[in-house]
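What follows are several structures.
Look for chain A in each of the two complexes below; its partner is chain B in the first and chain C in the second.
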Partner chain A sequence: MSLAAGLAESTVRLATPLLLAAMGEIIAERSGVLNLGVEGMMLAGALAGFAGTIVTGSAWIGFLIGMGAGALLALLHAVLCISLKTDQVVSGIMLTLLGTGLTTYFGRGWVGGDISGFGRITIPVLSDIPIIGFALFSITALDYLALLTVPVVWYFLFRTNIGAEITAVGEDPETADTAGVPVFKIQYACVLLGGVFAGAAGAQLSLGFTNFWATEMTAGRGWIAVALVIFAQWQIWRVLAGAYFFAAIDALSFRTGGSVGDVFLGQEALATVVNFLVNPQVMQTYPYIATIAVLWYVMRQGNLNELGAPSSLLKPYSREQD
Partner chain B sequence: MLTVVAALVVSAIPLLWLGVNPLRSYREIFVSNPTNIRGLANILVTTVPLFLAGLAVYLPLRAGLWNIGAEGQLFVGAIVGSAVALNLSWPSYVLLPAMFLFAGIAGGLYGAIPGYLRAKHNVNEIISSLMLTFTATTFAGYLLRGPMQGGGGQSATDQLPGAARLPTVAHPRLHVGVVALVIFAVLGYLLLNRTRLGYEVALVGSNPAAAVQAGISKYKTYVLVFVIGGALAGIAGIIEIAGVHGRLFEEFSPEYGFTAIAVALLGRNGVFQVLLAALFFGVITAGGTTIAVTQNVPTAIINVIVALTILFLLTADFIRDHRITVSYDRSAGSDERGVEGAS
Partner chain C sequence: MSTDALLEVENLTKRFGDVVADDEVTFSVREGEIHGLLGENGAGKSVLMKMLYGLYSPTSGTIRFRGDPQQFDSPKDAIDTGIGMVHQHFKLIPRMTVLENIVLGERETSSPESATGFGDRFRSLFTRERDRPRERVTELADTYGLDVDPDSKVWELDIGEQQRVEILKALYRDIDLLILDEPTAVLTPNESQRMFETIRQLVDEGLTVIFITHKLWEIEQMTDRVSVLRDGELVETVETDDVTQAELAELMVGRDVLFRLEKDAVDVRAPVLEASGLRAEDDRDIESLSGVDLTVHEGEIVGIAGVSGNGQRELAECLIGFRPLEDGEIEIKGETLTDATPREFVDAGVSFVPEDRYEHGCAADLSVMHNAGYKTYRTEKFESGRYFLDYGGMAAYASSLVDGFDVRGVVDVTRTPAGELSGGNLQKLILAREMRRDPDLLIANQPTRGVDVGAIENIRRLMLDQQEDGTGILLLSEDLDELLDVSDRILVIYEGEFVLETTPEETSKWELGMYMSTGEAPTQEPPGEIAGVGE
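The block that comes next holds the complex of A and B.
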């Protein structure tokens, strides 16, 4: 496999958990509920999916169990943020702590377990296309699924009635309520859906990527998914592009040995700078820095609406207020 | 109090799951551990970073801002402080103050970024401080495998020189950094309750519009609370390195900066309450580490208890807020039974 094809293949595979988690996050956030518990929900999904696969012997049932585990944590978030109107930030951080704690606690017995997980499905002919063929047509069922969810979620959010209602709830819950939109039901459904996606993203990691369970194996991917939604300014297609951008950085960081600068540039000072910039660890910070940069750039010249953030994000809605 | 009990009751389930008697675990955490000198030393030492990082969250919270980035500021302080310690061979009485000074400045500057972005451009401080945390912790990984890596091939620095270590008193684990608990509790109290800035912070937090009317600069307040908070977290980082570990490594902080959010939340009524909250989580963290050894319980139980405490704290808030509504309605002469039934 050539370097470019290998890079493309890793990018597609590394983008899958980001895509899945970010799709869930964008649905939840568009209904006005920020979910900072993605990392915890992904871990719960990864462990539950892995354990479920070992117990039932079926990776698909395991995957479903993983989604359920994510939804269970999301239910807690929904009750706290929507029914009890607590602070979304604190609740989300709490869920990540809880998810990390519980999976580390109960995951101890599953470390070292072995499964075959989801295998590659290679589509003949198409997978022979140079560079991108292997990357797009010889991946696991879950990678295909993740790619498929993007247009589905887009259609759901922007071309259906429910999607319009979600947007209305996220922008102005009071008006939506007056217009007869079931605000609380929609927010609950969106947060739960977010949990299902986060659980799926986690289960994908343990069932379709590593094929084992390790403590804190998500390694911050849940946080990157949160960053991704903001980076993409709450637009589906930008999430897709952003997921590939972040995944490509990740894929590249595995491959640059820190000697790129020496190869391409003669000047020592420049080589030092380039080597620093392509250092794998340094590259891992790019998604976070890029997200702050995008936020800062947009906010500098506009306001929250131009940023694309749902207007009622972080604000619990109560019928009794005012 | 009820919150804490509820959290402990639910935390008993994972303990029972592994066949551990939760009563025995709790007795060790809350009774045996705090009553022996070694356990007490561990508790006090653990409380220091929790309290300082807790203040780093609490101070901006008073101004109505969330600093979710105490963990990052803690890391930056630890990195810069360690760099000072490793590169300057000064005598202890100059080196230690220099380490604290630079760690504080670094943490403060790092904290200034979300404060400035919020004040100047209305960039959400929750997101920016969170992103900066992961930037700092990831970058620490780079430094510890690159420029700051010590001998031995681990991702850690060399041992700090003896002059950079905080002296210990009474017990080999009890470093003098614990006086920070008293110093910063008093300073924090004075700052918030006896100074103009403290008043301005409280006013901006409770009524931003009125604060602006009164001629208070929101810009200055936002940046200052984040700078002071960041500096405190930075100092917490270097105390942890110079007092406890003796060298910088990637996992030196068991997510102090995130537990700090729980500390600030539990102690949001004042600086001394923050201290008590930090002490409470210090008892759990130190005790949890002990039972991990004596009763073979994964240390992750600490995270579970911390998370559940926040969970029940949030729930208790709702019940309390709801009660206020009920009594208000009662005085307004509305249907008592109907309202009570609804709660």
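The block that comes next holds the complex of A and C.
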């Protein structure tokens, strides 16, 4: 496999957890509830999915269990933020810490476990297309599923009644309420859906990517998904583009391993700089730097509204006090 | 109760903690009538309507619709029963289109009949239909003259159009009873007249309307019967034809209301404000104040008349150091304060009542105590030790303001957020804060806008008292009666310049109106009495 084809393949597969988690986060945030617990929900999904697969012997059932684990943590966030009106940021960070702690503790027994996970589904002929053929047509069912969620979520949010209601709730819950929209049900549903997606993203990592469980194996991908939603300014197609962009950086840091600079135009000083820039650990900061750049670029002349954030994000709604 | 009652409310009570917003309210609305609901700000009108619309659940009491007791757990229940409401602050989502706003929550599908099977439920959630609703909206809009483009975004609409969308939104839901919460508060007189025609047409076709207002002439012009609320209690329901405006005012406020205040002549003394050649830009960097000279003397009230947006706001903000001057000079009591900071203006004895009470007049989430003190907290009065504030003293000070200026709705000065006060009461709190520090100059921008009759009288009286104490007052107002009543001198501002200087004795409403709208002297004789406009 050529370097380019290898990079393309890694990019597509590394984009899957980002896509899944960010799709879930975008649904939750568009209903007005920020969930910074994505990392924790992903870890829960990864461990539960892995354990579920070993116990039941079916990767699909394991995957469903992983989604359930994500939803369970999300339910906690929903109760705290929607019903009890606690601070969404505090609750979200708590969720990440909780997810990390719980999976570290309960995951010990599963380290070293072995599963076959999701295998590649190779589509003949198409997978022979140079460079992208293998990347797009020889991937796991979960990778296909992640790609499929993009148009589905887009349709769900922008072409259905419930999607319009979600947008309305995220913009102005009081207005939605007076129009007869069940605000709390919708917020609960969206946060839970976000948990299902994050759980799926985590389960994909352990079942469709590594085929093992390791402590804190999400390695910050949950946070990247959160950043991705901001980077994409809450637009579905930009999440797709952003997920590939961030995944490509990830793939690059995997593949190059910091050795590009040695041969860089024969210039030692330049090589040092390039080596620094392609250092895997440095490269992992790129998604965040890109997000900061977008924030800076938009906010320099505009406001949060122009950024595209739902107007009522972070603001809990309660009916009896205006 | 009469059998033709569409809505009956019996002993409806709403408490928030220790505060009783509505106390055993009983009244009924007949089918096909326009029923006025009159009351001062904070009398409990809005809370009452929120109970009828399912937003608040009553503490006790019953609501009957067509004779059947109702329990509304959410606005959805009220809508399904046939009640619609147009809120005082519009409930529209600016980023969505007119059509999306109207259809929101209705879950329209491609099949016109509503069905309840699982498949239908699925379809109502995961598909949508826009063509049929668009036709229906267009049809409603044509029938009632509520023209508005269903596909424009709400943020593009002006206030009048937004209100039409609100009415369409209610009508779209097939309602029998429409509640209008202070619908004219944000409209120009012409838009109000247009809305009144729409309402009459709707009533002719069988709709029943509850019309909430604190404007007496609207009650007189629009309603068949009127119920008056005072301090959360229903005082009386009367046939509109049987009462005069003065009687209604008395019912509402609980005492005689003076529509005109007696104003004693006050000696005018040394100037407190001398400004010359003021130039300033508005928020879009367009010149909105084009070289204005202005002097206000001790104990003088100078009124500034003008149509909104002719530089009043910029003038007021320049005079407190909030908006940078492009050119010109400002002296307060002989001290040059050109380009000084707002704090220096405050320290020089300038007080300010801003146009937007919630945005610039208070920190809405902070308590009444914090808000009451935020021009005086730096004085020795509240010093505790060297570096600390005397909170007890501040609370006592806030309480004295609340009592002295009759600010209602404050449960605990240290706890009640200023933003929870009704508009009129918040305004009284702001005036209290600004006046109790005994300023040399008071700049009041639209101090009585959106405030009820009782409070208006109070606020004007407070300004007159302050004037007697020697404060110079600059009053910016769109209410010509107010300007003519309290000012010593009146200046008309037009496109950032003063086009007329006069006194109440020398001028008339008509002349001021002509200068305000054209910037020039009237070219024709005044017509006879203009009917139907004004309070």
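Convention: the second predicted complex is superposed on the first by the 318 of 322 C-alpha atoms of A that agree within 3 Å, B and C clash if a C-alpha of one lies under 4 Å from a C-alpha of the other, contacts with A are read in each partner's own complex, and residues count from 1 in each chain.
Heads up, the rule we're going with is that a contact is a pair of C-beta atoms (placed from the backbone, for glycine too) under 8 Å apart; a residue touches a chain by one contact, two chains touch by 3 or more.
Being a predicted model, the structure only gives us computed values, none of them experimental.
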item: Partner chain in contact with A:D128 - chain B first, chain C second, else both or neither; value: neither
item: Contacts of A:N161 with chain B and chain C, given as first, second, both or neither; value: second
item: Touch count on chain A, higher of chain B and chain C; value: B
item: Touching partner for A:A176 - first (chain B), second (chain C), both, neither; value: second
item: Chain B versus chain C as contact partner of A:I93, first or second or both or neither; value: first
item: Touching partner for A:R319 - first (chain B), second (chain C), both, neither; value: second
item: Which of chain B and chain C A:E268 touches, first, second, both or neither; value: neither
item: Touching both chain B and chain C, residues of chain A; value: 320
item: Touching residues (chain side chain B, partner chain A) in the complex; value: 14, 17, 66, 68, 117, 121-124, 126-128, 130-132, 134-135, 138-139, 141-142, 145-146, 255, 258-259, 261-262, 265, 298, 300-304, 306-308, 310-311, 314-315, 317-318, 325
item: Chain A-touching residues of chain C, taken from the complex the two chains share; value: 16, 53, 55-57, 74-76, 79-80, 85, 87, 91-96, 100-101, 103-109, 124-128, 169, 173, 420
item: Complex interface listing, chain A residues touching chain B; value: 36, 76, 80, 84-87, 89-91, 93-98, 100-102, 104-106, 108, 220, 223, 226-227, 230, 279, 281-282, 284-285, 288-289, 291-292, 295-296, 299-300, 303-304, 314, 320
item: List of chain A residues in touch with chain C within their complex; value: 156, 159-165, 167-168, 171-172, 174-182, 311, 319-322
